[in-house]
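Per-chain residue numbering starts at 1, and chain names A, B, C, D, E and F are given in the order in which the chains are listed.
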Amino acid sequence: SSLSHINSRGEASMVDVSEKTSTVRVATAEAFVTMSQETLSLIELGDHAKGDVLATARIAGIQAAKQTPQLIPLCHPLMLSKVQVDFELQPEQSRVRIQSLCKLTGQTGVEMEALTAVSVAALTLFDMCKAVDKSMVIQGIQVMSKQGGKSGDWSRD
Amino acid sequence: SSLSHINSRGEASMVDVSEKTSTVRVATAEAFVTMSQETLSLIELGDHAKGDVLATARIAGIQAAKQTPQLIPLCHPLMLSKVQVDFELQPEQSRVRIQSLCKLTGQTGVEMEALTAVSVAALTLFDMCKAVDKSMVIQGIQVMSKQGGKSGDWSRD
Amino acid sequence: SSLSHINSRGEASMVDVSEKTSTVRVATAEAFVTMSQETLSLIELGDHAKGDVLATARIAGIQAAKQTPQLIPLCHPLMLSKVQVDFELQPEQSRVRIQSLCKLTGQTGVEMEALTAVSVAALTLFDMCKAVDKSMVIQGIQVMSKQGGKSGDWSRD
Amino acid sequence: SSLSHINSRGEASMVDVSEKTSTVRVATAEAFVTMSQETLSLIELGDHAKGDVLATARIAGIQAAKQTPQLIPLCHPLMLSKVQVDFELQPEQSRVRIQSLCKLTGQTGVEMEALTAVSVAALTLFDMCKAVDKSMVIQGIQVMSKQGGKSGDWSRD
Amino acid sequence: SSLSHINSRGEASMVDVSEKTSTVRVATAEAFVTMSQETLSLIELGDHAKGDVLATARIAGIQAAKQTPQLIPLCHPLMLSKVQVDFELQPEQSRVRIQSLCKLTGQTGVEMEALTAVSVAALTLFDMCKAVDKSMVIQGIQVMSKQGGKSGDWSRD
Amino acid sequence: SSLSHINSRGEASMVDVSEKTSTVRVATAEAFVTMSQETLSLIELGDHAKGDVLATARIAGIQAAKQTPQLIPLCHPLMLSKVQVDFELQPEQSRVRIQSLCKLTGQTGVEMEALTAVSVAALTLFDMCKAVDKSMVIQGIQVMSKQGGKSGDWSRD
């Protein structure tokens, strides 16, 4: 068991995926933005405002998924066939839940794309609310499930 | 108290900062990557490997800070005068702590740049360790302190 | 009277603006997307759908304004202090009107940024409606007004 | 008939193309830059100057076609196998006609790439002539033809 | 024998590769950074420093290889399946040797990606040492070998 | 004397320039592309072809100068006020000479921008000629002069 992106001399390297089978691969991820009840209610307030706050964060997350290989140095360039970003306001926990799904037919998994989508959506939500609440925290960024590829299906239970 | 990036019609808008004073502004942020003890020890193992794993994540974080206005739709373009990203292995909590500091002389704060730096550094660390540990979680992304600008100094206590 | 970006040998060149005064500069631009009545009514239909169609085009326009120096080879890098993109549905002319305003304190005008914002917002609107209407046409992309700088204020009358 | 990029909840989403057949797809688009006779003759004047003005706009158009997924939020990343941008000076109409052709073997059409190519080529032409003519207008950006894919061939008549 | 990226009218054009066979293609390239003995020894001095200087240049080279189609106007977008950048300190020649290997399964060769990787790695090394040595020179950027594709295997002898 | 981008713990870091004086700074750089006489004459052959080959390389170099902070990890973002790229065919040495000049009013020097401009212009020239000549070599990338800033004027003699 060793770090795949580090070669035997301890140097960073983009691993060779040219021998991997091209299969349909799906990954889902989630993140939470914890905020005050007051801030959360500003997002909820009014259909238009909510539309634009969440729509902006959604577009930012989708765009970021496509830019993953530019952001994460050892990620392979790939051609996502689908990206989806969803939000759920959870007033009882005083937070917003963000979920993403990324999909492609290719030689590498798309966990990093799914994680990047929720992370940048969370950062964008943070940006849009920071004038009223500097104390927000982004929590629980993690892969939820993964399908396709040699290592098979996996889901957090 | 309202969302600064949403105008009175509920639409997203990049706020006008042309009247703000240009001052020295600093922001710091932190994030954690929680992982298994085994994964953490792989990062620690050997000077070179550690060098390249953390160096790669550091470079990714610094580069991401500079790309913040491309990632976060309503962030202003700005010219960072300093970006620093630091890592601390915390074996007792089975995690890596990531801290960033961003600085500029300008008209807008740099919290989003500091948050983006730690987020992308955390995602890069995740990427480099995911072959051995899919269950890692990125936690506690938050602004730690902020100096300069009209709203004055602020720090999480 | 000659082309400012072409030197005396007929070669492209980014003109020297280092001697220009740094002043507040504003530019506005507009564009139209002409479409069938049926397509236009799909954009209008329901608050949410409208919100997300126009919000997506707005974000795309704002982001594109910031990327102008990467898109237009001889544009100077600059730091926009404000970008605004507005939409007006004009059912009588069977079209959407898009307007932008860009502002900065600097040494170069921001007409190209304002034009890029409306152009990419129009292209995004096109993309979101093309499944139902391939015949849309983007029309009338032009600068509406310009303030600041040596050449003084100007507006299309 | 509905907007493909908006789901049933009215939210933006990048549609799933993973089940689509990979075929050769071609799209052509056009745009016009209307300008004064004096400006048009400056572009025509002399082989070198003309070369560089049009060559700069051509390169900008080709580069922009490749950046389409970064500019248009819900466009899929794709690998263009050919991009061509052509110019025709039309002194009788006092304008420049710009045409593009984009081609790939893949799962999605390339209309947006063809439209983005002519749009950015037109903006670049505008940028290079704006010192002598602020009143130019970009007109008639539209898809001219489309081949390949399930919806079959289409051309504007 | 003629320039492939220039059509019969002398205009730049991205050549059509859609008829080319998709095969495994590999290219290697090298570059040298010549510097003073004193500068070279600063890179060598201490494991950590060396790690970070070379790790930073390596990451920059890998990232640049992925950005080649954005940098070189007529390069096709492509999906690299492997990028590797290696450094060798050559104290006798008072220089650092940089080598790269790029690989993909696709319709175009990857020489430009391999050349871009060594060039940007060399520029990054230059940047990190320029405070102590402005006189460094980057030398001998060239393709070393090329495998796959219609033109067959080739290597500099 | 030590490496400015490496801190006392041997880690990469973007140095703080916020205390530096903002002055006019200029840097010039050069590079050579050595090629066969036959290849060189193809560039020379005919005004149009030459126009587009060199115009493409010039635009690529100018664009790359603006992207330097994205390419070179520890470079500061900055706002170039002028970029110029020139070519000189040197048939006696069977090579093309490339020169660049970058200028800004700011807190950091622009050597890296000037070097990046000539490097990417050279790579683009290589790309456009590689179908007829795989053996070209890029040579002698170096800073020629530097003005402004605390360290004063400097030129290679």
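Criterion: contacts are C-beta pairs under 8 Å (C-beta built on N, C-alpha and C of every residue); 3 or more make two chains touch, one makes a residue touch a chain.
Since the structure is predicted, the reported quantities are computational estimates derived from the model, not experimental observations.
Undergrad: Counting one step per pair of touching chains, how far is subunit E from subunit A at the shortest?
TA: Minimum number of steps from subunit A to subunit E: 1.
Undergrad: Stepping chain to touching chain, what's the minimum from subunit D to subunit F?
TA: Minimal hop count between subunit D and subunit F: 1.
Undergrad: Among the chains, which is located farthest from subunit D on the basis of C-alpha centroids?
TA: Looking at centroid distances, B is the chain farthest away.
Undergrad: Looking at CA centres, what chain is most distant from subunit A?
TA: Result for max centroid distance from subunit A is chain F.
Undergrad: With respect to inter-chain C-beta contacts, which pair, B-C or E-F, contains the greater number?
TA: Looking at contacts between chains, E-F has the larger number.
Undergrad: Rounded to the nearest 5 degrees, how far is subunit B rotated relative to subunit E when their C-alpha atoms are superposed?
TA: Value: 180 degrees, nearest 5.
Undergrad: Indicate the whole-number Å distance between the mean C-alpha point of subunit C and the mean C-alpha point of subunit F.
TA: Computed from C-alpha means, the inter-chain centre distance equals 31 Å.
Undergrad: Provide the list of subunit E residues touching at least two other chains, using ranges where the numbers run on.
TA: Residue numbers touching two or more other chains: 11-12, 47-48, 51-52, 55-56, 59-60, 63, 67, 70, 73-74, 78-79.
Undergrad: Which chain pairs here would you call touching?
TA: Taking the chains two at a time, the touching pairs are A-B, A-C, A-D, A-E, B-C, B-E, B-F, C-D, C-F, D-E, D-F, E-F.
Undergrad: State the interface residues of subunit D toward subunit F in the complex, per the touch definition above.
TA: 47-48, 51-52, 55-56, 59-60, 63
Undergrad: Give the list of subunit A residues in touch with subunit B in this complex.
TA: 1-6, 9-12, 31, 38, 42-43, 46-49, 51-53, 55-56, 59-60, 63-64, 67, 70-75, 111-112, 115-116, 119-120, 122-124, 126-132, 134-143, 146, 154, 156
Undergrad: Which residues of subunit A touch subunit D in the complex?
TA: Of all residues in subunit A, those touching subunit D are 24, 51, 54-55, 58-59, 62-63, 66-67, 78-84, 86, 103-105.
Undergrad: Would you mind writing out the residues of subunit C in touch with subunit F in their complex?
TA: Residue list for subunit C touching subunit F: 11-18, 69-70, 73-74, 76-79, 106-107.
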